Amino acid sequence: MTTPTATLLISCPDQQGLVAKFANFIYANGGNIIHADQHTDLAAGLFLTRLEWQLTGFNLPREFIAPAFNAIAQPLNAKWELHFSDTVPRIAIWVSKQDHCLFDLIWRHRAKEFTAEIPLIISNHLQLQEVAEQFGIDYHHIPINKDHKLEQEAKQLELLHQYKIDVVVLAKYMQILSADFIAKFPQVINIHHSFLPAFVGANPYHKAFERGVKIIGATAHYVTSDLDAGPIIEQDVVRVSHRDEVEDLIRKGKDLERVVLARAVRSHLQNRVLVYGNRTVVFE
Amino acid sequence: MTTPTATLLISCPDQQGLVAKFANFIYANGGNIIHADQHTDLAAGLFLTRLEWQLTGFNLPREFIAPAFNAIAQPLNAKWELHFSDTVPRIAIWVSKQDHCLFDLIWRHRAKEFTAEIPLIISNHLQLQEVAEQFGIDYHHIPINKDHKLEQEAKQLELLHQYKIDVVVLAKYMQILSADFIAKFPQVINIHHSFLPAFVGANPYHKAFERGVKIIGATAHYVTSDLDAGPIIEQDVVRVSHRDEVEDLIRKGKDLERVVLARAVRSHLQNRVLVYGNRTVVFE
Amino acid sequence: MTTPTATLLISCPDQQGLVAKFANFIYANGGNIIHADQHTDLAAGLFLTRLEWQLTGFNLPREFIAPAFNAIAQPLNAKWELHFSDTVPRIAIWVSKQDHCLFDLIWRHRAKEFTAEIPLIISNHLQLQEVAEQFGIDYHHIPINKDHKLEQEAKQLELLHQYKIDVVVLAKYMQILSADFIAKFPQVINIHHSFLPAFVGANPYHKAFERGVKIIGATAHYVTSDLDAGPIIEQDVVRVSHRDEVEDLIRKGKDLERVVLARAVRSHLQNRVLVYGNRTVVFE
Amino acid sequence: MTTPTATLLISCPDQQGLVAKFANFIYANGGNIIHADQHTDLAAGLFLTRLEWQLTGFNLPREFIAPAFNAIAQPLNAKWELHFSDTVPRIAIWVSKQDHCLFDLIWRHRAKEFTAEIPLIISNHLQLQEVAEQFGIDYHHIPINKDHKLEQEAKQLELLHQYKIDVVVLAKYMQILSADFIAKFPQVINIHHSFLPAFVGANPYHKAFERGVKIIGATAHYVTSDLDAGPIIEQDVVRVSHRDEVEDLIRKGKDLERVVLARAVRSHLQNRVLVYGNRTVVFE
């Protein structure tokens, strides 16, 4: 598990021979595939695949893998990403006042469930600064109000740049990012505290209580400019009953939010999520 | 289990001593309570309870239970229903073309999971007439189009009256009932093939596929004049993945629809469902 | 979906280049892969894969696929099976007195969830003969007692031979098959009404009740000579509470048994299950 | 929620009038019941109930509630416990090396999901001392080996006494308590990392992997002198597949262990768990 690997995530118009072509590229260069999975979206006419192989024994030097693969990918009109397992992604966690997802992500990071670095926490409040200090993570307080939102987003972007952040995790960050922000920094994962598309927007647990649902959920998704409408990575649910007040839904929901967000972040960090259209393939 | 019981479903403004008052009514008359459950909706200020006791040894003759209890209930502004377990409810199942819920309800009835009679099937199509004949249930074909919908609803109501139906179960009946119909016959249970309030209306599995959800659901609810917005009795879900096409969602969803509808019908038939506002308490 | 496909299920000692080799075999002969999945069991050092491709346009005539692939497989010490989607498998359903799994399998067959023929029902009781007749399936009554068990198994084997049965589905057949029978006819799927390995053997719901579990389960597995110890294909569970008597566990369990058995049978019929050691890979 | 309440947990031989008797006791003294639930175990002939009422306005002074209720309970042969919500229970958490349940319990305590004090952590290892210090909880290192186990248990009991501990939570404490210890301190909740009664004892995830199960579970139970055989409070499960190695089962299992243990501890602290025989009623 400790030897470095390369991973290709590829999507291209479906045609004959794609599995063989991609597998041959790796085999011909002496690579040992340790994970290969593919999916064909028949309606979209798309072939989607994930290939991971060991770099030890692979005859192509790292810097030539991308250009060499491009020669194969271009005639196929393929979109692709190449990742190396020893390039550790850098996460910024954004929070507001609630600490459960933050604590959980930090705990999982310490437990080595995530291969990542977490050098930065951004918050529009001060409450969780103490937690950041406790675990030795830089904490930047950037309060948000509608009058200076764009200005503050510029500061946030500057921090992401400065800390060389690869992915932002909104761990109960109760603010909406502007379309402009998302255009500039599209790698953002959010946890929404409902079973989307039910209860978009604010106060989903209150809405769930009012509607009298018997099950509540949580959804992790990539953020797009449409509120709570981005590609879904993971969802889960828990049963509730008439005995559960709104505060019980909130409490039960926290357990969901933690685990759903963690699974989504882990899949993302392992380069298992391929987005196309407004959908995801999560290769397991 | 075979000795007859009486069941009271009561809702009233919350106040001190209600549990004692209702329990005393039964105890003072020599009744043996076999199920008692209560719930207080703090926000609504309502006390809701279900009491079931054995009629054997109960000193009040059946016909006097209602008037005697009314003397207690009226000063409390209580709404209540009284049911006897040996009064077997009569169900009409309404279907369109799909047979899975129909078969399932009939099988459960034969397996004695439901204490009920099923003398009537109504459909806007002819496809399932054969199934009705196979199991010896009367089948009435009442086609629906928008020009004569009210006229056809009058026929449906006439049949419900004629067959002495207590509750209508819409077992994938793909038509909307008019507000007028519901006003005249309010005891209608529907199965909707989504996790409400997500995907209200037509083609929920297609919408779920397009949204890229990772879990699908089904919802059994009482029908009101607002489409798919009535009080929810039961919901359940199943995990799906990118590998599932729309037809897979439909197939997996059928298993949900069967079991969710069956649980709701069983709870209703056992007088375990208390509706208040747009919510239900399901006493287990 | 209606064009015929071929499916290879392969297991062999892991080595470099296997994905490429197998994919090339299909591509070189003009085949269009519509499903490819693989798994490496690192502990066992085994590579396991499922490849399905369209026969239309495939240049190798059907009868030559096996010998041609064998030339590739033999040097790799691969075990493999080849299936054609238009060779419809023939199922024998074995039952005792309970009808829920039988009804369910028949309904799914009618609903085209299974591509299979069901020409034969065998039972040690007479109770379900009527169901068999209702759906036009031959029913053979072979009572079992310990004095003539081997003799009766000989009759059963003769029937399986006569009806050209590919797989036996024990749909709540409450008898144990002898090791000798399994050796002669190893393709047998059983549904056990517990979450194995908990509650092996008789009366699992009674045992579950006595143990006071909060969740019950059902398990579909291939039958081996060890009771309830064969390779597991599928499991599922449902929550129970102190309110559930043994009869409630039985009722709730029936819903599990139906759906778990159905999923296992479907996976088996689609050649998605690869057994190795006492484990299964279920390619989805 | 902030006004203090009293809670009675009662079990007694079933007979007529019990609901009325117990409710009358509270009503006659001016109490306002905020939770009442009961269950009859027909097989055992036992009536089990939980009654919670507000102390504000209750005319019996606290110190007289127990003797007054005893006068009612004794003729009924009832066993009962009386708890006051403002008597905050004191928990000792016992750990070995794994931190996930410990962190989780501490986080929930801080989040006010538990009304309890956590003054003491006992461990047979030193690894988690730092966590204890971080959160200001006393940490006692009591190493265990079979030669001096009884001696060490005496030290543990002394600490429980000294810290006035009401309940011990074994949060992945990988040692077996002696029958003698349990006899002296019976209030011990354990989390076992399997779906009991499957995989009793050591290394359940390894055993689950070897058995090839498709679902894994976790179980919280009261500890008795029989290993992993005490009354079950809560269980939950998660789906796994052939892709999951033992280390994945361990990782997924940790999420289960955290939430199952937390639910059990919360139910216990709220006096919602009534043990009888080897079973529990968990009043919700």
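Per-chain numbering from 1; labels A, B, C and D assigned in written order.
Note that in this section contacts are C-beta pairs under 8 Å (C-beta built on N, C-alpha and C of every residue); 3 or more make two chains touch, one makes a residue touch a chain.
The shown structure was predicted, so the numbers you read here are calculated from the model rather than taken from an experiment.
Peer 1: Please identify which chain has its centre, taken as the mean of its CA atoms, farthest from the centre of chain D.
Peer 2: Checked the centroid distances; the maximum from chain D is C.
Peer 1: Call it same or different for chain B and chain C: same when shared residue numbers make up over half of all numbers used at their interface.
Peer 2: same
Peer 1: How far is the middle of chain C from the middle of chain D, if each middle is the mean of its Cα atoms, in Å?
Peer 2: Whole-Å distance between the two chain centres: 41.
Peer 1: I'd like to verify one number: the distance from the centre of chain A to the centre of chain D, where each centre is the average of its C-alpha atoms, in whole angstrom.
Peer 2: Each chain reduced to its C-alpha mean, chain A and chain D end up 37 Å apart.
Peer 1: So which bits of chain B are touching at least two other chains?
Peer 2: Chain B, residues with two or more chain partners: 241, 243.
Peer 1: Enumerate the contact residues on chain A facing chain D in the complex.
Peer 2: Answer in residue numbers: 99-100, 103, 107, 111, 113, 134, 241, 243, 251, 254-255, 259, 262, 284.
Peer 1: Show me the residue ranges of chain A that touch chain C in the complex, using the header's touch definition.
Peer 2: Going by the criterion above, the answer is residues 16-21, 23-24, 26-28, 30-34, 36-38, 40, 239.
Peer 1: In their complex, what parts of chain D are in touch with chain C?
Peer 2: Residue positions touching the partner: 39, 41-43, 195-199, 210-215, 217, 231-237, 241-243, 245, 278-282.
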